[in-house]
Structure formats: structure tokens, C-alpha cells
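There are two complexes below, and they share subunit A, which is joined by subunit B in the first and by subunit C in the second.
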Partner chain A sequence: MSNPQQRKQMSVLDRLQRYLPQLVVGPPFLLIVFFVYGFIAWTGFISLTNSRMLPTFDFQGIQQYVRLLAMDRWNVAFHNLLIFGSLYILFSITIGCVLAVLLDQRIRAEGALRTIYLYPMAISFIVTGTAWKWILNPSLGIESYMQQLGWESFQFDWIVNRDMAIYVVVLAAVWQASGFVMALFLSALRTVDEDIIRAAHLDGASTTRIYFGIILPSLRPVFLSAFVILAHLSIKSFDLVVALTNGGPGYSSTLPANFMYEMAFRRNQIGLGAASAMMMLATVAAIIVPYLYSELRAKHHG
Partner chain B sequence: MGSQRLSLVALAVLFGSITAQAAPTAEVLHFWTSGGEARAALSLKHAFEARGGVWDDAPVAGGGGDAMAAVLRARVLAGVPPSVAQVKGQNIKEWAAVGALESLNTVAEEQNWDALLPDLLKETVQYQGEYVAVPLNIHRVDWIWANPKVLDKVGVTPPQTWDEFNKTAEKIKAAGFIPLAHGGQPWQDVTLFEVVLLGIGGADFYKQVYLDLDQEALHSDTMIKVFDQMRKLSTYVDPGAPGREWNLATAMVMRGEAAMQIMGDWAKAEFLTAGLKYGEDFICVSAPSSGGYIINSDSFAMFQVSDEEQQKGQLLMASMLLDEDVQKEFNLLKGSIPARLGVSLEGFDECAMKSSEDLVLNEARNTVVGSIAHELVQSGAVRGAFLDVVTEHFNTNMSSQEAVEKLAETVILAD
Partner chain C sequence: MAEPQTLPGANGKRYLLGRLFIWTLLLAAAVLYLGPIYVVLSTSLKDLAEIRAGALLDLPHELNFTAWREAWSSACIGVRCEGLRPYFLNSVIMSVPSVVISTLIGALSGYALSLFRFRGANIIFALMLFGCFIPFQIVILPMAQTLGFLGIANSITGLIVVHTIYGISFTTLFFRNYYVSVPQELVRAATMDGAGFFRIFWHIMLPLSVPIIVVSVIWQFTQVWNEFLFGASFTSGGAQPVTVALNNLINSTTSVKQYNVDMAAALIAAAPTLVVYIIAGRFFVRGLTAGAVKG
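What follows is the complex of A and B.
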């Protein structure tokens, strides 16, 4: 059946097939290189200029970074990011993990409970922020309610207290993310090999022992991905603060993303905004690069 | 970037050719989307259409115009600016400095704007001696809005000096009311600050601090007194204030929970919209000062466009906005007073009449000053420095001395 022409056709198809992956991956790759890495480079360049209303190309070295580091507002924002990031990740993972383990006990109505816990993730940060703002406002929410009930000395004014406002942001963010982390862990728990668990049971290990000795250690990759997801969520957090405290009281609860927006879009300081964006990128890189490194290295050795 | 820009231009041309009409057209980018504001914008639209123009409405929701500013910036960068945009105060100068604005000098000379406008507004809408924007209105910032029923219950009258203000506030507080309704957003904190600055320092000192950023004035004892008064004000505010919107604070005065609010005359629109009566349910008094008037003003700037209909539209718009009837109708709805001097104020309320009288008085004494909180004077960076320090002082127990030093330092850093 194979005449020369058909063979030639086949070989064209063959060749097409061989290059198909490149053809499919190529254009999006180029787009990403341009729109992500190209713009990162552009932002980096802008941060070295004295751009104000519009981007300009008057190179002036690291002046913007010097100004940035001298600004109290930036230092507060960065300090807040450290508090917010660490507490958000810690509590979300702990609560999510505990919820997952509890739900894993083959209880009734698990499906319904899982949905209920996961649901906050479906709500946008703006809604979460606005709702918590009302709940926590001392003259509208919990505080005034408890006082109306007769507990006159009850006080819960974190949202208007400049030392505590950033913890309110943590509270709302953890409320939102724990369910998502729980879902991650729950699906991972279900993939743990039943046979090993059964064997451990036969050897007389207690449930607690099995969790701590076998199951949780085998979830290490899930811990890592939860960590990476939450870490970058926390660094780019913006809308929650806008809706919840709007950075206040004063600017005590601003995060770097809010700072960047304020400078670039409110105060006509695009150069300074770009510098702060680069600082955020450096922070993300400090977390992601070691992670990528460990992942890639593990593959090589494995 | 190049091809993106080209396609945007192509799209604009295509879109333009579909809607092309021989009539002068203006695409108007603005952020007047809330009730009263939208009605005021509509009055401009009707006036424009009555003169044969086509009003291409481009509203961007979001009070304060943050969202609109982002849209405007993106469109200028893409090379397709709107022909008319609502731009305020210092931003006019920044846009003019990058060469984006059309000169309106021909219209201005024809209509003799030099004689029609208050000096401060003239400065605001000019860049290097050329008119680049048209002012629409004048809002006064230094007002006290008070609930007369609450004042009566406590047995006090509206204060004339800051000492009196403090005594009155203490009495109100002792009687169980909130003396000062306030929203603790940085721009509201700075609104209080500049009212106190004018009240305690006077107009000349205000100008030294706000316009010249004079280090001596910034370090002076008067400045410490201003921050001392700010500290007092912070104790007259209820604990729920941080983050509150200004109109919710106005509602506290309406409901009689709070006695007074210091806010610009857009608060009047809230009272009137709620169906309240001047004199009975609310009163306005100018905030304590030895004379002075803090201005906030909206304006339209014309961006450089190549389309001929749009250019005609810009001219028509520029020549229409200071028309007496247009000014009157727009400002009746907006709650402000006309930007043009000498417009008859028939039909305006008492607060607007008083505002207008005081404007003329202060114009003669050269004591009309611009607001920083509302971006009328100073660049975004310097305004930001004031916002940061004032709000930080208001919300902590920072001493006045420390606040003064911090302000002087931050202002230099920003300038």
C-alpha cells in the first residue's frame, strides 16, 4: 500500500508530530517571556528613573530606593508584611490541617461540612473585608452587641487600635484560607496508602501515633505547596486591607501592595511605586527560589 | 508596545468612524456616578447638547477618582486620551507639564476669564501662563456642620474661636453626645488639620506652610499649637471613627448622636438629600479663624486629540462651562457655588449664600487658600507627606513637637 507519495505525507505528519510540543508551547512561552519577564525588567528600569505622572526615562540610579527606605510608611508596610505573612501561613496551615484530620474520621455529613468549611474561599476578599469590618467595628459589631447585652466593660476594638489592626487582617485572611488548606490536606490524606495504615493498626499503633508517625510526614509535599501558595497570596494581599481597614488607623495596617498602589496611582510617583514593586518581587524570590531549587535538585537526585 | 498602541489607535479610528457625526463631540471622562453628582453631570450634558454637541459619556465609578485616574493614565499612554477629563488641582499642572493638555487661551481671552475667576482658581487652571482647564465650581472646605437641637440641649452656641470650640466640645461630651463626628481616613484627618492650620495660623501662615513649605514656619511654635489642637480634636471623636466614610459621619450629626462635623460643603448635599431643613435640622458656620477661606474645586481639562469633531467639541465645551446659567444649574445640584464670580445666587440655600459672601470678602483680603486634602495645591508626593504625618499624629499619642519635626523632615523628602 505504501507508495512514495504516501510515505512523504506520513513523514510530514511525523515531523509535525515531532514538533507539536514546541508549536503548542512556543507562543504562550513567548507571551509569558514578554508580558511577565519583559514587564518585570521594565518595572526594574522604571524604578531607577524619576518617573512621576507618567513613566519617563531619566536615569537617576538608586535614588528611589533610598527614598523608599527612608519612608516610615514603607517600613511600617514591610514590617506588617512580616507579621501578616508569618501568622497567616502558620495559622492557615495549622487550622486547615487540624480540620482535615478531624474530617478524615469518616464522620457523617462529611460532604456538607467540607463544603461549609471550603466556602469562605469562594467569597472575594472585598466581601470578607467588608463583613468583618462591620462585625468588628466597636460601635456597630461585637463590642456594642455585648455591651447592649449588659456586659458593659466588654472591649474588642482591634480594628480601630493601631497596634492590633494588622492582626484583624490576619484574622479575616485566616478565616478565608483555612478551608482551602483543609481541602488540600483532605485530598492528600485520602491518597495515603491504606495498606500501610492497616499494617500499623495491626502492629498496635494508636491513631495519634499513626497520624504523627506515618500520615503527616507523607504529606510533606502538600505542606510545601500550601506554604508556597499562602506565601505568595500574603505578599500580594491588597484588597482585604482596602476593604477591612483601608490601611488605617493612620497607615498602621498597610501592606506593601497597598503602598505600591498608593504611590503609583494616587500620588503620581510611578518611580517610587516601581521601586516598592521590585522590593516585593525580591521578597517573593527569596521564598520561591529556594523552593524551586530544592524541588529541582530533588528531581536530579531522584 | 508599538503594535499594541497601533491596534488601539486603529480601534479608536474604527469606532470613531462608526459614530462619526458632523457635530462637535466630547468624550467626557469623569467620576460623578453617585446620586447628586450624576445629576449635576447630567445638567452639563443637557447644556452641551442644547448647544449642538454630542456628549459621549465615559463615567468611571469610584469616589475620589482613583479608578478614573488609572483609566486616564492608561489612555494617555496608549495615545488615545479622552477629549475632556475631570482633573483636579495639582494634577492639571502635572498633566500640562508632560504636554498632554490643550491650551484654552483663545477661549479664555474671548470670554475674559481673567476677570471672571477668583485669583486662586486662575492659578490652579493655568500652567506657565496658559489656561489648560476650566474650573466648574467652588467648594468651601472650612465649615462646621452642626445639629442645632443637640446644641440647644447642651445649651451652647456654635464656637467662634478654637478655645471656645474646646470648651463647647467638653460640655457636649459631658452631656453624653459625641462632640465631633469624624471619619478617620487620612484625607479627613488632613481636612481637619488644614482647617485648624488656617484657624490658628491665619492665611499667611497657611500659605507659608502649605505653598512655600517654609522650614521656619514648619518648625514654628504656631505649628506646635496646631498639632496641640489636633490632639484635642482627637479626644472629641468617638472610638469607631477610623476608616469611617465622611457621609456616615454626617449621618451621625443628622441623627443627633454627634453635635458637629468639620467637612466641606458637599456635606450639605447629604443633609438636603435626607430632606432636612436648614436652621431646624442642621446649620452651617464657618470654622473658627481670623478670616480665610479654603477652596476645593472641580475642573475639566482638555487633552490633545487629533480628531476634528473632538477638537470642535473641546472648544464648544470650554466656551460653555463658564456660562452663567450652566454654572448656576450645575452648582445647585452639586452643592457648591459657581466658579465664576458675580453669578446671581437666586435659588441657592443659606450656606451657599454665606459661602459666596465670604469668598468675595476673602478674595478682597487675599486670604483665599487652597486645600491640600483635596489636591488643590501641592504635588501628590507633598500631599502624601502631609497625609502620612497628620494621620500618624492623630491616631497615636505622638507629641506635637515630634509631629512638627517629622512633618518638616517628610516634606523635604517628598519635595
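What follows is the complex of A and C.
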């Protein structure tokens, strides 16, 4: 670096080199800022207007939210979300965990069984819904099959039953997700320290006790991940209901996501649809934000 | 888990009973998971009379592929009677570019976020990560407006843009978490040798990236192929992806319901992702748990 001119040039290049990571992350980050956060702000603002068929920008305050909370259709949808979400999470985690523990016992055909349990996850909710709709069809599916076998009084008409339709959605969703949860648990089980298990065995602890006392408690992070993934999936759930029950009978099996679509695209109630979308976002954020915060913090210190 | 045979307490009769119990449960579960696909497949091979006779679980009398042919090329969806084929092709045209582009962007931004700890990198990562979890209902209204503004509403191009953008969060997450676990010494040594940002990426990181590229491609492909909300919201008629077309076919209100055609159509729509899973599912699970779940 003999003269100042050259030094200056070097430093520009150096600087460029130093800021390259920022320059590379910049464009995708800006895309996310605009298409996620900008759009959230847009929807948030629209939810405070009386937009109907087209978005308008005259501020109206929280009247859409007041309307929303007074609507029976919304309350049914939200109540359904509570039922669906809790049962979906509970059953998927329980079944997934049990299958993972069983598969962890040095099973010969493990690879094949794992693929069998996991394949529903590869299929779209529309296909899953179509398949279960067919199986649960009272006049052609399981109900009629059992009656033909001679069990005349057999009844399984949940899919057309106003009070039970939401449980049909749970059934199909658990069928789809439990294999995925199994895969999560199984790979975590594979990382458990063998020496501790061997030592516990030598102390005379039974396999059951070892699982409940040592292994499962050490899987707490996986329980948490599974819970977070399933919780946010349940709030997003939309297509399964569309294909399986189309929200019916009546609107007895709608979820908030279906409510939003109905208002925004079918009934020209954009403001109301935006308000319901904001409620969904708030529900997701209440679960995700603390999770992300603790995860990223732990990383920072670890 | 340690080898049960080598552990004390695992012997003789008790061991055999335990095995029997485990196998019974595992096989029962396998039957339950396979049941629906068996029913769908066997129904698609029956004719309507056989279906109405109602023997849901019975094998079809003969292999009859008429329903498959009809589902693929002549079933009516809306006013068009060309089967699923054009919509299937739409989904192919939609998936390939969105998977490739979002994986490329994710690889570069994940690399930049993982290896160069600039100020704010964590906040940027957290903000991008949250994009994985937002319910898409929150963005469909402004997105509909934006696509209209860009002149790509009701087109496959529009869907490619949407899927690429909302895929970036996931792909960045995968690659960032994967690259964080690459030994820093490798990069430091290359830096000493004078290799710059892109040289390190191209010559060191990419050759190491095969497992995570597989994960990203499988994940993005299943997401994009199976997606329904964006397809239903932003397209109509001939521009729809296969999931939307399938739903229209199933829920169409014709007088005679052709269940065998419906089931064949469902299998056609599910086939690409199923094939990918059966062939590459192993790598997917391995990579996913290594990359994503640890957060």
C-alpha cells in the first residue's frame, strides 16, 4: 500500500467483502419484511376499516372485532379450534411417542414400519380428507360394511352429525400427523446416552421404569417442539375441513381458518375476514413468540 | 437403546412375551395406517355397481383401470372435461421453479447468517423464522391485491412467486442450522488461504450440503405440491393446481357420484409426494431432526 489512492481502493473492496454477508441476507430479508410483516400490518389496518367487497382505508376502530366476537359462526369456529387443537395435539403426541418407544426396541423391520407410519404426512390434506370422507360415508363406508357383516345396529355417522363432525376432523388429522411425531421422538431416542441406561439396568430397574424415569423426561425438548409444531398446524388447519366436511353440517365443523376464507372470498366481508385473521395470528403468536424467544436465547448462552 | 439381549433381566419367557406384545401393537398400527390407502386404491379399481354393493374392505373382482383413465383425462372439473391432467401439469410447472429458487436463496442466506456473525444476525434470523409459523390467512388479502397489481393474478407465475417467498423462511432455517454445525476450523483455514465469501460457499459449504439440500427439496416439494389455500384463493379455472382441481372434482354436484373416479383422482394427486417419500423419506427424517427440531 504505497500511495493513499491505492489504500482507499483497497478499503472499499475490503469493506465490500466485510459486508458481503449482510448484502446476501439483505434481499431475502427485505422480501420477508415486506411480504410477512408489511402484509400483517396491511391486514391489521384493514381489520380496522369497514371494507366489504374491496379494501377501503377509512378508519373505523374496533367495530369489526366487536361484530366478530358477537357472531355465533365465529364462536363455533373458535370453540371447534379448542376441541380440535387439544385432541389433535394430545393424541398425536401420545400415539407418536408410544410408536417411537416400541420401534426403539430393536425391531427387525423398523425401516418398513417407519415408512408406513410416516407416509400419511406426505399426502395433502385434500387427499386425506377425500379418503376419510369416503370411509366415513354412512351409506357406503364403515357403517354400512359393519351392518352387512351382520352387526345391524352398528352406527358411525359422525361425519353427518352436527355434534360429532369436528371429531371426524380430529381422527383424520391424527392419522396424518402421528407418524411425523413418531419420527421426531424416534430420532431423539437414538441420541439418549446408552451408558446411563446400561447402568440403570445393572441396578435392576425394569425397562418400563427406565423409560418413565430416565428416557422420557430427557426428551422434554422434543415434547415441546412437537407441541409447538402441532399447535400452530391446528390453528392453520383449513384444507382438511374443506375436503372432509366442508365445514358442515351447517357450519358445525368450521375452524377459524375456514371462517376467514368464507368471509373474505365468499361473502364480501373483507374487514371481518381480516379481523378473524388477526385473531388467528394472535393465537399463533401467543404460542410461537415465547418459544422462539427461549430457543434463541438458550442458543445464545449455550 | 442398548441391545436388550445383552442386558440383564431380559431373558427367556418374559422376553418372548414382551416381543409378542410389541409386535402385536406395531402391526395393528401398521394396519390402521395402511387401511385408508387400501380402501382408496381398491375402490378406484371397482366399478360403480360393485361399489354400491357396499363391500368396502373387499378386494375388487377384477383390475379395472377405467376410473383411472377417466380421472386422468376425461373427468369434468367445472365446465372442462379434460380430467386432472392439465392441473397436474400446472402443479409440476408450479413446484419445480419454486422449489429450486427457494432452496438456492435459503442456502445463500442460511450460509451468510450462520458463518458471519454480524450485528443483528440473530434478530434477522428470528424475524425470518417467525415467517415459518404465520397462518397464511394473514397474508392472503394483501397478496391478492399485490398479485393483481403485478399483473400475475390467476396464473401459475403468481403461485410460483408466492410459494418461493413463503418458502424462504423454511429453507433459510434448514440451511442456517445445518451450517452452524459445520466445523469453524474449515472455514477459518480457507479464509487464511485467502478464500472469500463465495469461494468458501462454492468449494467448501456446497459439497458438504447434500443432506440438507435433500431435506429442503423434499420439504418444499411436499409443501408446494400439497398446498391448497393459495391455490384456491389466487387461481380459478384452468390455472388451478391439482389440489384445488381435485377438491372441485370431489365436491362437484353431478347427479351420479363416481366414487371410483374420485378415488383414482385422489391417488393421482397424491402420487408424486408419495413416491418422493418412499424413495427418500429416510434422508428426510434424518436431516429434518438434525436441522430443524433443535431450533
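Rule of thumb we're sticking to: the second predicted complex is superposed on the first by the 273 of 302 C-alpha atoms of A that agree within 3 Å, B and C clash if a C-alpha of one lies under 4 Å from a C-alpha of the other, contacts with A are read in each partner's own complex, and residues count from 1 in each chain.
By our rule, a contact is a pair of C-beta atoms (placed from the backbone, for glycine too) under 8 Å apart; a residue touches a chain by one contact, two chains touch by 3 or more.
On a predicted model such as this, the values are computed, not experimentally measured, just so you know.
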Once the structures are superposed on A, label A:Phe39 by its partner contacts, choosing first (subunit B), second (subunit C), both or neither.
-> second
Touch count on subunit A, higher of subunit B and subunit C | C
So, A:Phe265: does it touch subunit B (first), subunit C (second), both, or neither?
-> both
Check the residue A:Gln60 against both partner chains and state whether it touches subunit B (first), subunit C (second), both, or neither.
-> neither
Tell me which partner A:Arg106 touches in the superposition: subunit B (first), subunit C (second), both or neither.
-> second
For A:Leu140, is the partner it touches subunit B (first), subunit C (second), both, or none of the two (neither)?
-> both
For A:Asn246, is the partner it touches subunit B (first), subunit C (second), both, or none of the two (neither)?
-> both
Which partner does A:Ile197 reach: the first (subunit B), the second (subunit C), both, or neither?
-> second
Check whether A:Phe29 is in contact with subunit B, with subunit C, with both or with neither, and answer first, second, both or neither.
-> second
Intersection of the subunit A residues that touch subunit B with those that touch subunit C = 55, 133, 140, 246, 265
Touching subunit C in the complex: which residues of subunit A?
-> 17, 20-22, 24-25, 28-29, 31-33, 35-40, 42-43, 46, 55, 95, 98-99, 102-107, 111, 113-128, 130-135, 140-142, 144-145, 148, 175, 179, 183-184, 187-189, 192, 194, 197-198, 201-202, 204, 206-207, 221-222, 225, 232, 235-236, 238-239, 242-243, 246, 256-257, 260-261, 264-265, 270, 273-274, 276-278, 280-281, 284, 288-289, 292, 295-296, 299-300
Subunit A touches which residues of subunit C in the complex?
-> 1-4, 7-10, 18, 22-23, 25-26, 29-30, 32-37, 39-40, 43, 51-52, 54-57, 105-106, 108-109, 111-113, 115-116, 118, 121-122, 124-131, 133-143, 145, 165-166, 168-169, 172, 196-198, 222, 225-229, 232-233, 243, 246-247, 250-251, 259, 262-263, 266-267, 269-270, 273-274, 276-278, 281-282, 285-286, 288-289, 293-295
Show which residues of subunit B lie in contact with subunit A when the two form their complex.
-> 66, 69-70, 73, 76-77, 91, 94-95, 97-98, 184-186, 238-243, 379-381, 383-384, 388, 391-392, 394-396, 406, 410, 413
Enumerate the contact residues on subunit A facing subunit B in the complex.
-> 52-55, 67, 70-73, 133, 137-140, 157, 159-160, 162, 245-246, 248-252, 262-263, 265-269
